[in-house]
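The following blocks contain the structures, represented as structure tokens.
Across the two complexes that follow, subunit A remains constant while its partner is subunit B and subsequently subunit C.
And then the complex of A and B:
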């Protein structure tokens, strides 16, 4: 950083770079939650899945030396959590919101339990693509070092939107999410569809966790996730269950999350902790602004318990 | 008989959860018998361990009420942790700002803590009523905001310059520390928690307000058709629930820490969720369940040292018990034993 003194210009640049860096886990978790909710079920436990994915990914990457093996392990672990959630919810009279809370606590607990020995060692990082090769400003170049997973997540958002719109699987998920009775009449098994939608959603959340521990911040510790999994759930509501909107919303949230560190980098330290609250305040503000007490939210899957 | 099912099923779930944790320990090559032996020894084995357990039960009783009361109105509020930490900060700052009032100072701190908690969780109820915002998500988001606010207050606005290693508000004077209850080394926080549980039980089960609240929890539309003020009921009872959580923060500051600092975010709010679910949101049932879980927390240090387990051990145990209690919901009404009317055919 000895080249140019770009002063306050550093703030927007750091926010853009931060938005890309910070948004990636939001993208994966919100796409996973979007898929699960489109099938008519809510998984509040993705916070626990995210943390466990971060731990499992880091541990496997450390032992195998391959960060991609870590990502695969995190996805597998996330899928197991999704299957557990889906199975518990398929039991009669079991409430999906309560199961989510239980698995949020269980996932975090078991991640801390097995993650203790991995706080010290250093695992290999995921590679980044230097998209900022054309610029001389080191801050901008650093901001544009984009991780492969961000690109994968962005493509996935469009792929999922296409899946919902134009494929058989997408239609099945939507039918099950909008009306259990209609799905049964079509000969579909709603529980089975929801089970695998939740499993796939869990796998995506696990990948989001692996990004946290293997790229940014890039180490495993017990404070690795601070509610990203939960914010992603709220973000899906704000994005009106549309995968592409999830991508934009994730970038917005990433920018809000990058505000504190960005201001700190130019020497603003007053109210440092308050900037940490920015993404939560933003989430809450958006929920308040876009919800309605009298009518169901437009675009909501008909069978979703939180909007019924 | 229905009532005995309401006791038997959670008990069965608790035992199943503890057994599942035993299997988990066996898989790790640890002895579950040693584990539960140490839990008994350190949590319930002697007068000293009982005193330790009961002291820890105080904030848990209040935190569980913050979940159980809204649950009777059909609301799943899980962000009690936020009201606890902000209630603690409010109580700590109030106590340090108004010295020399004796018992009146303690009362002032309690009011400050309860009022802060009531506003915080009441806001969750308000967002639900006025904007239709899901209370589970909003309350948990508010908990993260509360912890950020607490850090801000404790580390800059209200920081005592003398607190170097651990940023805290100014220390409370000796008269503002909650004393022990007569005859035992357990602070008055336990008494406050027990009274809160009993009062909540009476309000929820024996008053018109509680009855109206339970109707709202059973069927909002039916409640509206009956002309019940559902909005005001939700606001009032979420505020009441929050005031108990805020009081928990005040108890921790006044009885345990002596000033407000980061230790307030100890996870009582989250343990409270499990306690409320195990107690099936019954305020009186919260008392034994909270004492039991407080015993587990009291023993965690000893258990971890003796069996060489990480600090998250109790979180895993709580998670398994939580899953077991939810699975048990599916068994409600399945056992003929609890339905005398079906005995004849058997």
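And then the complex of A and C:
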């Protein structure tokens, strides 16, 4: 078999590879947002957190030489952003969506400011697991080169679903997200629960950012995110606030995103830029198809400002 | 359920002031151990304030609380729970998206970090086996009926080991049969299991049928009470209302005219999107009140939405006075159709706009000749609002205060004033008296009856069967999205109606 010419088979292989590669930041950001929204708050600032996480992770990895230190730094930075959002929203008469937009701009701005010196240097990459060792088709082997963070994210999705179902913390987050009154009657402090849910969500988004700069595309620049953080927030709604659905949605989105490059690689160059829009068109299409003008969105946390 | 040593609760000289307003004035009531005690009073009489003081939501200005034989100080609801006091609220405190089992477990003070569901389910099954009634525990609470939710609230309190239960109008959202079942069970538990119950209510029937003793509050004072067996409805009403005169029930007059509203073969999807609303034929004639009874969630809300143009329908026709009707503003105006939806503050008002502005919603955009206008005539709006506020006895500090600042009854009066101004040929009303007090209820019902007598066709959708029976000329029962039963009021049998409401006929 000629390993270099696999013809149209390259398209599905590239889509699978793309799904795994591109989806990881979406998995982390959407899981983070899922947790935050399940507690009854929306954090639109995750785009800023993602970009800042990418910068912070890259910078720390560059200075320490360890990509994992970079991931930890990105998570910490993300948590700080989450805490800031959570704290601002606990003040009276503060709107979480407005705060989120402000933090999105703040996060990207401050990342660009501190990130200028790191555009040139090269930081170490995160390791990948070569799951394609058994094949001699280089495209397939490349597609199956799976980053550790992808595996972590996939496990995390199931762990979070389990948490919402069978742990005290998970139930408390759901109670607070669904009914502030009930939570108060139970003696819980909704603001406190939301603060830490937002902080944890921010940390996950930070890790998603570290993946961007430390693995794929694997360098730091100002156009690194291009709105992925915002799309991940939309994915949560699409996934109906279910962590496992977030994983599938992120994979679907990543796969659709790989459609353009994959077609290009087999020589389809017409309408090339149009294929870059595929994930957005797909998401829009699916949202329209699964929505209903007469029904409330099922699964939406009751305290969310967009569903109230 | 194992028998507990019953506890009694007593308030001594309880006084609660909010600024200059005295909500409770030296109230002493005694709830003896193992009894079913009713707390009667109109809205605003201080019943809620009293129980909130008992539960630690409010700190009384003065007065003591005695639990068992000791004086206790209760600073917050947790302290009340620690003394075995629990409350079932009028609104549900269950978390809608959690299942019954999750709701019960998460409310326990000692929830383990990781919940072993197999274990918990076993424990819950054991607990349920000791209870006189069952509720499905594995579906989200949002899918339970109102009656099931109310039972689950009660179960929750018992699961948490409360021995003294305060029930705040527990039957306001239940059918008569559900209410009887629930109260019967509570009654049984006071007798057999040592539970002590204090129930807030408006309904004399429930007091007579289930309570041992009664205390009556009026304007923050204890005005009387005693053994239920020794008091008649008239005695209790006299204590509750005092010497105030109620507006008299308007007599019926006139004969029904032609059909004003007619629905034919209307098919629509309900809120959940799973069930079908299917109305084969519904007519409302001029000068009659058609009452639509039913347990909530059987399509009444959807019927209101269909008539108000808020819900699309797949098949059939809605006509008003023989013309197809899609509830646009123009059509509603041309056909003189008016609405009083349930919870008018949210469904028929802009809560933060002023009373005057809210009262002008029907006609602020047209001038005296019915031509569209660009500049508002604020002077005329205010004059009209003042006139309506006086005519309908709306209690507001000013016509410029936001309508959300008014009490429920006054919002209802304000909206009714707006909707009944000018010629009205069709009036569609939903739960007009929900949560209102005695005198407000009587007045609003009188207004509806007066509109009927002047030739308006009235469609009254209500979950309060007494209201339907009092006002209607014809009674329809909705069940599972269909009109299951129809009877003229003269032949109406409450048992038969109840059976159709419950879907058992």
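Everything below uses one rule, namely that the second predicted complex is superposed on the first by the 302 of 308 C-alpha atoms of A that agree within 3 Å, B and C clash if a C-alpha of one lies under 4 Å from a C-alpha of the other, contacts with A are read in each partner's own complex, and residues count from 1 in each chain.
One rule holds in what follows: contacts are C-beta pairs under 8 Å (C-beta built on N, C-alpha and C of every residue); 3 or more make two chains touch, one makes a residue touch a chain.
Computed from a prediction, not measured in an experiment: that's the story for all the values here.
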Greater subunit A contact set [subunit C / subunit B]: B
Subunit B versus subunit C as contact partner of A:169, first or second or both or neither: second
Subunit B versus subunit C as contact partner of A:95, first or second or both or neither: first
Partner chain(s) touched by A:302 [first = subunit B, second = subunit C, both, neither]: second
Subunit B versus subunit C as contact partner of A:129, first or second or both or neither: neither
Contacts of A:284 with subunit B and subunit C, given as first, second, both or neither: first
Partner chain(s) touched by A:231 [first = subunit B, second = subunit C, both, neither]: first
Which of subunit B and subunit C A:178 touches, first, second, both or neither: second
On subunit A, the residue positions that both subunit B and subunit C contact, one per complex: 292-294
Residues of subunit C touching subunit A in the complex: 77-78, 91, 93-98, 102, 105-107, 111-117, 269, 271-273, 311-312
Contact set on subunit A toward subunit B in their complex: 44, 88, 91-95, 97-99, 101-103, 105-113, 116, 226-227, 230-231, 233-234, 237, 270-274, 276-277, 280-281, 283-284, 287-288, 291-294, 306-307
Of all residues in subunit B, those that touch subunit A in their complex: 76, 78, 127, 129-134, 136-138, 140-142, 144-145, 148-149, 151-152, 155-156, 270, 273-274, 277, 310-316, 318-320, 322-323, 326-327, 329-330, 332
Subunit C contact footprint on subunit A (complex, rising order): 165-169, 171-172, 174-175, 178-179, 181-182, 185-187, 292-296, 299, 301-302
